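Inspection log for the structure reproduced underneath, given as structure tokens.
Lettered A, B, C and D in written order, each chain numbered from 1.
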Amino acid sequence: MLLQLIVSGLLLGGIYALLSLGLSLIFGVSKFTNFAHGDFVMVGMYMAFVSYGMFTLTPYFSWPLVMLGGVGFALLLYLVARSTIEKSGLNQILVTLGLSMVLQNTVLLFFKSDYKSIPATFGSSIKLGTVFISTEMLIAFVIAVVITGGFFFFIKYTDTGRALRAVSDDRAASKLMGLPVNLLDPIAFCLGIVLACLAGALLMTVYPTTPTIGSGYNLIAWVTVVLGGLGYLQGALFSALLIGICETVSGFYLGADLRQAVYYVLFILVLVFRPQGLFAGLGMKKVKR
Amino acid sequence: MKKLSWFLILMLASVTVLSGCSSSTPANTAKPAEVIKIGVIQPRSGPLAVSGEDSYWGTKIAIDMVNEAGGIKGKKIEAVVADVPNAGAAQNEVNRLIQNEKVKVITGIYGSAMAEVAAGICNRNEVLYWEHISVTDRLTKQGYKSVFRMHINGSLFGEQAAQIAESYAKKIGLDPTKATVAVVSENGDFGKSIAAGVDAYTKKAGTKIVLNELYDSKTTDTSPIVLKLKASNADIVIATSYINDGIDITKKSKVLDYSPKIFLGIGSGYGLAAYGKSLEKDAEGMIDLDPTSTPVLKNLDPNMAKAVEEFQKRFKAARGYDSPTVGYLAWQATWVLLNNVIATAGGTDNLAAMIKAAKELDIKVGSLPTGAGVKFDESGQNTRAVISAMQWQKGKLVTIYPDYLANAQGIMIPLPAWNKR
Amino acid sequence: MRSFLSHKKSDYFICAAVMLLLSLGLLSSNKYTLDILITTVYFCTIASAWNIMCGYTGQLSLGHGAFLGLAQYTSTLLYTKMDISPWLGMLAGGLTAMLLALLVGVLALRLKGPFFALATIALTTILEIFAVKFDGITGGSVGITIPYNPSLGNMIFKDYQPTYFLFLCLLALVLLTTIYISRSRLGSNLVAIRENDLTAASLGINVFRNQLYALMISSFFTGVVGTLYAQYVLFIDPAGSFSVIVSEKAALISIIGGAGTVFGPLIGGILLAPTEIFLRTWLGSTYQGAYLIVYGVVLIFVILTIPNGIAGTVSAYIRKCNCKTEQASGDD
Amino acid sequence: MLKVTELSTGYGENQVLFGVSIQIGQGEIAGMVGSNAAGKTTLLHTISGVNRVWAGKVEFCDENITKMTPQCRTERGLIQCPEGRRLFPSLNVLENLLIGSYSKRAKPKRNKSLKHVYEMFPILFERRYQPAGLMSGGEQQMCAIGRALMGDPALLIMDEPSLGLAPIIVQKVFEIIEQINREGVTILLVEQNVRKALSISAHAYAMESGKITMHGTGKELLQDENLRKTYLGI
């Protein structure tokens, strides 16, 4: 049973990884506190839904549209938030809270409040020993892994990726070195929001959506990023998997109504007693600030 | 600095004028003699908006139909509509409807927190409160004089659900005292009050509950719940869910290859169109317990049948899908309120007359589209509200229980394993 | 920045004028008008209480819902289960909120910026989950309905004027406290901490202790106003009491009005609370959610264009005018 | 090559520089000395374009660059090696060096520059995959200089390159600076190690409270009574 729970949790965590990587990137590069991140997951879910409704494209095929839409929403966020970058984090939080309100209710206005879902393409499962793996979740997981892999390749080996990491390390020094910081900000926003939207599209294959679904994902994304260590991308990846497992295991052993409490408590404990994140110092370097 | 204080004073004055305007204009334009005003409140934004909106359309269509048939004693009904996403908004809007719009009847509301607040204010202000959906037992246990609920309450709901479970258990040859039951419920007031009802009934009947699990309906992944069900190995599962979690529980049951002998879903989670749409053939054979949303028109009184048909047509035109249970509940409650209570009392001006008319109602079971009748007890709770068992057959919901409401035979009882469906 | 925190007599005059205007509402007997006024004053009070902590220290709490809810549950349970008057319950609620604040402060006050905000959101959510879970005590998600027995001792009234009067008194109390604090050592310490906590610490100010005091005072008043509101609505439930949205509103009202000023939250509350109600009434029943879009756009606009809030911007403008006239007279 | 005229700037409401004028000729080492908080780093940041100019003019190779972004300035070969090294700690040495050659100007020459830097600092080649944050101070300084060289500088601005280093390494850093200069790079050197800095500078300035108080050849300044008293304690 434990094995089954861990496998289910890992699959879920794979999708969480996408949204927390995006959040972590934006926070790292632009020092921008995005409290509307979950709402972009919601937007991604609706884009996948619309693509299915209009062109009967399942999310496995509609990702180019979702990415394109994601870039649009990223630029919207950037446009709204640009003047608060490098300024008070308080205003960033408030602006994104306002944006979250606008996004949720615009979607509500156009799509009404009922749950939207798209039929399962497979709806079956694969049995490995005593463990059942949902085909949908497995495919979503594999796609998430591929995207994550691509993302890390980009971040690690391209000039722009390197520059993004450099800005994330030391914004002021990056400016002195002549890195085009005001160009890298929108790039980070685009990457981050596109990842969130893609996560939404993948979630759409397994869950229905509604305009208010984003606030839950927003907290999950932040919990993951904090557990992983701020602006530390590999950490966000590991903690996303951990949160996935934590959700299913605590849901089973402690009761399904306490599962959220478990990772919120974990979250507060980590914030208070290990603010550098869970994985710092375990053979992995942590960004000095 | 003086300028600043003037600015503030101006601002405040304008706010005061604004509130004055909004409170006086509608009252001036309305002509109280020619219309009967009814307050219609539902949560139409916020987390409860899904069913709140369906419930609004049920009410609105009933009012439109009565108006088109000439109104009540020649007077048209005017619906004063308000959006009440939370308890604070309920407080505010109900006061507005009573104080400024001078309504004497308020109907709604679907959400239980808002229902409690609204009912309290209505009772204090001697306004009739006509609840059509909220199930919390407590609503009618406060000693309110002018509060009525057309829908069943949670404990009765649970009791009837357990009865249905018992009868199906017998049908497949299970001894009720030896059968095991697992109850999973969302931890809101809806799930909890039903779980309590199931619990009370099964204790009487001697059935063993092996798992009584609550979960948060906002949960994104229900596999731990399904695994718990699987581990409990119960014969009968009674699951109360909203739509999101209801769909996920079914999906995860298939993925984890879990099928109990009998699975009874309760509430919107298993009965909404979205359920059938998103599960397609996997919905086949799943049972939902709720007042029926597939009424058998030929069993109804011909006039009622015609009205229901009209309602079905209009609802589909307005919302784009067949009315779910919530729509029928709102429609029939409003229908009875207008035609049997307000019409009998001759308008809304006399509260005592309306209460008397309501208390004297005696509509036998099976007369309303959901199979309910109307007979209020002392507390204002309708004792003739019933639930039925509906089943997904070939992508459509049909009613299979009780017999006088059934329009199809139950299939797949007991549930076969997933690979044999 | 420095100067708009200096409290001149005119600030007190504005507060007094606004309070006087608000108290004109006592003459009305229309329950809808009074409800709008009560809601407005309720949000003014929460925002002012929030302001004591967050406006003066710059720490963004989105967890005042936790204090509010805890106090509401404390006083309501005392009243419904043990028949203890809400007057005492109100104090007890305020004190429990203060105890929670002590705990939160000790654990989380050293967090900065978004992390303090996130920790407080998480705390609120945890309390909500517990309130739902331990239904033996709290009544679970169904909430608690407070029986309607109007009497002074029960703090329940037939008409709305007495309730409104109580709200006004509480608001006045919070404002007086804010004024007192801003003139005291604590106030100047807090401002110093907000401007630069490292410099403040090097000047020998105990950053942690000062912020903790502010948080405790702030939470006490949040708790008290929570009880008052519970006795007005006569219903509490976990989702409504432990609500992040209430905290967000307190923050938005305070910041739009002008955080860190005595009368900023007052202006913010008077502008925003009725606006929200009117927008909901006008747009809510025809276009689902449209009023929240308008509300959201206005918020973004205000935060982007006048980050110091209305009070800050207006007084900066007036100061500029005053400076000019002073210069002009100086030239003569 | 670089001509700064009557430059004024500051942070917020506080003015830091008051009409500073300096001039650096092609191929020379220009020194700049001054006590802490004299405004040296502010001047350098303004020359690099990170600070906004309040008044005055900055010209580079006879081109007015006063309003250009830092990025455009690096494209023209105006490169800074900042105070405290400011390496990117989570990037490894190689990545740090590559960041230096992000500009269009430097990218085509990337491989050549890298080879050159490795020749100059063999230790960087040895440690190329090590996170920059984990190296010793001296190695970090090498890396920082290497990173600046990767940008193909025409004018290299060095802010306190010897700060916090052991005396032997300080010696080496100055040798390197002279070597870079011999290869044709103009250098603006800001140093607290006044004696060393002035002895290798062709031209030197002294700065106090945001104003240039003295200028002349390095030797002239080194022999100035006042300056010796203030900075050298003689």
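Just so it is clear, a residue touches a chain if its C-beta (ideal position, glycine included) is under 8 Å from a C-beta of that chain, and two chains touch if they have at least 3 such contacts.
Note that the coordinates shown come from a computational prediction; the quantities given were computed from them, not determined experimentally.
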Common touching chains of subunit C and subunit B: A
Chain closest to the middle [Cα centroid of all protein chains]: A
Relative to subunit B, chain with the most remote C-alpha centre: D
Rounded Å distance between subunit C and subunit D, as computed from the means of their C-alpha atoms: 52
Distance between chain centroids, defined by C-alpha means - subunit A, subunit B (Å): 36
Centre-to-centre distance between subunit C and subunit A (centres being mean Cα positions), rounded to whole Å: 32
CA centroid of subunit B to CA centroid of subunit D, Å: 74
Where subunit A touches two or more other chains, by residue: 105, 108, 112-113, 255, 257, 260
Overlap residues in subunit C, where contacts from two or more other chains coincide: 129, 132-133, 288-289, 292
Where subunit D touches two or more other chains at once, by residue number: none
Chain pairs in mutual contact under the definition given at the outset: A-B, A-C, A-D, B-C
Complex contact set, residues of subunit A against subunit C: 33, 35, 80, 83-84, 87-95, 97-102, 104-106, 108-109, 112-113, 211, 219, 222-223, 226, 255, 257-258, 260-261, 264-265, 267-268, 271-272, 275
Contact footprint of subunit B on subunit A as seen in their complex: 1, 4-5, 8, 12, 105, 108, 112-120, 123-125, 127, 132-134, 137, 203, 206-208, 210, 212, 216, 247-249, 251-252, 255-257, 259-260
Subunit C to subunit B touching residues, read off their complex: 8, 10, 13-14, 17-18, 21-22, 24, 30-33, 35-36, 39, 129, 132-133, 135, 140-143, 145, 147-148, 158, 232-235, 237, 239-240, 263, 267, 270-271, 274, 277-278, 280-281, 284-285, 288-289, 291-292, 314-315, 318, 321-322
Residues on subunit B engaged by subunit C in the complex (per definition of touch): 1-5, 7-9, 11-13, 15-16, 18-20, 22-23, 44-45, 49, 53, 81-83, 86-89, 91-93, 95-96, 98-100, 112-113, 116-117, 120, 123-125, 136, 138, 142, 187-189, 192-193, 214, 216
Interfacial residue positions of subunit D with respect to subunit A in the complex: 45, 48, 50, 69-71, 73-75, 79-80, 82, 86-91, 95-96, 98-100, 102-103, 107, 131, 133-134, 147, 151
